[in-house]
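Below, each structure is written out as structure tokens.
Note that subunit A is present in both complexes that follow, paired respectively with subunit B and with subunit C.
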Partner chain A sequence: MSTAIEYFQFVLAPQMLIGLVLGVAVILVALGLTIIFGLLDVINMSHGEFYALGAFIALALGSIGLPFWLLLILVPLVMLPVGYIVERGLIQRVFHSGERHVTTLLLTFGLGLVMEDAFRLVFGPNPHKPETPIVGAIDVFGVFLPLYRLFLIVGGAVVVALVALVVYRTRLGAMVRAAAFDRHMAASLGVPVQHVYAGAFAFGVALAGLAGVLLAPVYSAFPTMGRDFILMAFTVVIVGGMGSIAGVVVAGLLLTQVQAISSLYISPVWSDPIVFGIMVIMLMVRPQGLFGRLGHG
Partner chain B sequence: MLAIQNLHTYYGTSHVIQGIDLNVDQGAVIGVFGRNGVGKSTLLKTIAGWIRPAQGEIVFNGERIHGQAADRIARKGVGFVPEDRRIFPGLTVEENLTLGFLQVPRRSGADNSAALRRIYDRFPRLAERRHQNGTTLSGGEQQMLAMARVMIGEPRLLLIDEPSEGLAPMIVADLFAIIGEMKQRGCTILLVEQNVPQALTACDSFIAIERGRVIRAGDASNKDDCERLMQAISF
Partner chain C sequence: MADALTRSMRASHVLVAILVVASLIFAAIGVVNGDTFYLRLGTEALIFAGLALSVDVLLGYTGLLSLGQALYFGLGAYISALVLMVTPSFWAAMGATFVATIAIGAIGGFIANRVRGVYFALITFGMAQVAAKVVYNARTLGASDGLIGVPIIKVDFGFAAISTASPAGFFLFTLAFIVILYALAAYLLDTPFGRLLIALKANERRVPFLGYDTVTPRLLAYVIAAVIAALSGALYPMLRGFVSPELLFFSTSGNAVITVVTGGVGTLVGALYGGILLTLMKSVIGSYTEHHLIVIGLLFMGAVIFLPRGLMGIVRPAIARILERRTKS
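And now, the complex of A and B:
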């Protein structure tokens, strides 16, 4: 019995804690992605680069002396108009074309490539690690957990709760859910659908930017940082149910735990294929994912 | 109030509306009849801004509205109750209703609350079920919700597509009573309905459509006109 407890305390629990931090990070990135998909039916391939943009804006503003806590508010606010302009200026232009899915996917993929190269030109190819805003660690059941990672877990939960509150408990959220389900009917009730689309895209981009600010002190900021998370974020969105906030949370926590715990027993090289394998199986047996889509009940 | 001239609308390559002309006076109820697939619903969708016409003109209260976005048309006072009700499944009855406030963006919060109270007084079943998901209501209740959420915006022109489809006679009677109340308030109504005899009792005049064109128009109170209509659309 004591061996089992020790195994849990010294082997399993630390690994689960690592998985939890990664899970929160993935959820933060996937949250904006799923809102954009759920509402606009657009697979935003540049979402990872918006996450990187948030990190780089924070890095640039941090270098002129702005405090981290201010950046947590300022960077998403800066990202809002960026997202709005991208949606109105690029996505809307091809949104009503017959091949919408392919066109928007290629358009956002191209945008991501341009952004990645721009980051390389401006900030160079090497990683930049901002100072950790909270130093120190605490002992959680015998496991040392850096305080900043604890802040990430709590902060991530607060962000998810606030997003869910806006989407499910406000009139603005009702407009978003109505437009996600039936844009024609929503429009005939006076919902300014095109502005709702642009606003939701901007909101998703701002969330990606916030994730960039929060995660840069842990994972550093570098031009290709978006790619690292975006594959996992897409997997979480697909497994959770495309456009589902609850799905992102459940699948984000579940898949990162699978990744973390499986690496105890098999080579960590195999943990990613296992997670992506789950996504493939999910697409085959339950393509709609674990939870329903935004606005679909 | 509503003037349509030489309207042409396509669904892909299919030429559904093939040159419709229609003039509707303020406060009139016009029946739009015809067999399935002749373009009745497409006509309403084109007026509501769901489909962009390929040619022609739609003038509402002296303003050209064809080609405008559906939300702008709704805010000008055009309400639309489509054929399949289109209740939002992720929204409660009250959320479905209060979305309708957006049809009158300049109305105050107090006036919105008063409008909601009036709707609940008229539709007590919706008041009882205000916190329930809209799609958990019965078919009749969903039709009432679809009507109520447009009525809350007090439209000047109401487009109603097949409201009685699949409903029990008692609910249909209630539905036509509501259409009568809307008319009394001065609302102009374009009503597409398969139940022609029932619809004629609510209409002032009618048009019959065949292959995207108006083939007959008449007075709903004129027996001969009504008989010719029934022959024309083979009911």
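And now, the complex of A and C:
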């Protein structure tokens, strides 16, 4: 019995804690992605690049001396108009074609390519590591856990709760859900659908930016940083159900735990194939994901 | 009287003929100047055009966007490299690639065809990612280094043989190979089977009411696209002498999609022109700046917004009109 407890304390728990930090990071990135899909029915292939944009804006503003805590609010605010303009100026141009999924996917894919190369042009190919805003570490289950990562776990939970509150408990959120369910009906009831769409895209992009600010001190900022997370974020969105906030949280925690725990028993290089394998199986047997779509019950 | 599809496919054939003539002139100039670099680059452009062709078979005809066609391209490249390292026979490499791709393509098609639309794009993307990660980590396949030292072979036709080391010879061989793949795809898609695929793209729910099966044609289209991608990929190690996991990465699939969309979806010939255009642009812009992705990305976005039918979408109807006038007079 005591060996089981020791095994848990010294082997399993540390690994799960590492997985939890990664899980929160993935959830933050996937949250905006799932909102954009759930409402606009758009697969935002450039989402990873918006995440990187957030990190780079934070880097630039941080270098002129703005404190980290101000950036947490400032960067999403800067990202809002960016997202709004991208939706109105680019996505709306192909949104009404017959093959919306394909055209918007291709357009955002192109946008991602341009953004990634632009980052390389402006910031260079090498990683930049912003200063960690909270120094120090504590002992959890005998595991060395940097305080900033603890803050990340708590902060991530707060962000998720706030987003869920906005989407499910406010008038604004009700308009968003109504537009996602039936845009024509919502429009005829006076919901300004055009602005709701652009606003929701901007909101999703701002969330990606916030994730960029929060995660840059841990994972550094570099031009291809979006790619590392976007695969996992897509997997989480698909497994959780596109547009479902609860789905993102559950699938995000589940998949990162699978990844963390499986790497104890088999070589960690196989954890990615396992996670993608889960995504493929999920798409085969239940393409709508664990939870349904936003606005659909 | 031929219908609109046959007429526009005739225009595609004319465009392919123009491409072949231009390629022959290009090869002749290359031989005269004793060039290696540009002929090799041209060969690579044609090989990737073959991959784009397979994306167009899926996207242009069945309306399914594959974001993981690199899976079959890389599969073909790896099988071909493995076979060539054991026995330097072109036909053995192609035969092994063909048989293995039909088997693996059938499994992949079974998985991917369970879903539609955007989920199809994501499932193909996921499958290619799994395969890429497995190959990237497989020691026996050279892991991240890939397989190096694929021997130079002679493609033996019985009456003549072409060495893969000869830049002009292998360029012309690849040209013929890709044109044959194009011709096969164009022929298949002009048969009743091809018309059925177009019907599936237009409205999949109504097709069963006309008495047609929808499952088998979709699977067949998927396997045909897989075979085209794999056979093109099988040429890659013959050209470069190595294969690397990058061939399976998303950037390879993504480039093929960019190629097809800028070239013209559903035209088949657009994939060939697009592939050459993309390689040309990369090397021309790349000689001025290393940030060629910005330019290519912007052009691609422009194509998606302003030219939803791609370059061939403008050129081909004009050719079709000229052909029509000729047959009338």
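Here is the rule we go by: the second predicted complex is superposed on the first by the 297 of 297 C-alpha atoms of A that agree within 3 Å, B and C clash if a C-alpha of one lies under 4 Å from a C-alpha of the other, contacts with A are read in each partner's own complex, and residues count from 1 in each chain.
Going forward, a residue touches a chain if its C-beta (ideal position, glycine included) is under 8 Å from a C-beta of that chain, and two chains touch if they have at least 3 such contacts.
Please read these numbers as outputs of a predicted model, since none were measured by experiment.
Novice: For A:287, is the partner it touches subunit B (first), subunit C (second), both, or none of the two (neither)?
Specialist: After superposing on A, A:287 lies in contact with subunit C but is clear of subunit B.
Novice: Given the touch rule stated above, what does A:128 touch, subunit B (first), subunit C (second), both, or neither?
Specialist: Once the two structures are laid over each other on A, A:128 reaches no partner at all.
Novice: According to the stated criteria, A:102 is in contact with first (subunit B), second (subunit C), both, or neither; which is it?
Specialist: So A:102 only meets subunit C here.
Novice: Considering only touches as defined above, state whether A:181 meets subunit B (first), subunit C (second), both or neither.
Specialist: A:181 contacts subunit B only, not subunit C.
Novice: Regarding the shared-chain residue A:88, is it in contact with subunit B (first), subunit C (second), both, or neither?
Specialist: Neither partner.
Novice: Under the stated touch criterion, name the partner, subunit B or subunit C, that contacts more residues in subunit A.
Specialist: Looking at subunit B versus subunit C, the one contacting more residues of subunit A is C.
Novice: Under the stated touch criterion, which partner chain does A:193 make contact with: subunit B (first), subunit C (second), both, or neither?
Specialist: first
Novice: Would you tell me the residues on subunit A in contact with subunit B in one complex that are also in contact with subunit C in the other?
Specialist: none
Novice: Residues of subunit A touching subunit C in their complex?
Specialist: Where subunit A meets subunit C, its residues are 43, 90, 93-94, 97, 99, 101-103, 105-107, 109-114, 116-118, 120-121, 231, 234-235, 238, 267, 269-270, 272-273, 276-277, 279-280, 283-284, 287.
Novice: If we count contacts the way the header does, which residues on subunit B are in touch with subunit A in the complex?
Specialist: Interface residues on subunit B, with respect to subunit A: 48-50, 69-71, 73-75, 79-80, 82, 86, 88-91, 95, 98-105, 133, 135, 149-150, 153.
Novice: Going by the contact rule set out above, which residues of subunit C touch subunit A in the complex?
Specialist: 59, 63, 65, 111, 114-115, 117-119, 121-123, 125-127, 129-130, 133-134, 136-137, 254, 257-258, 261, 291-294, 296-298, 300-301, 304-305, 308
Novice: State the interface residues of subunit A toward subunit B in the complex, per the touch definition above.
Specialist: 171, 174-175, 177-178, 180-182, 184-194, 294-297
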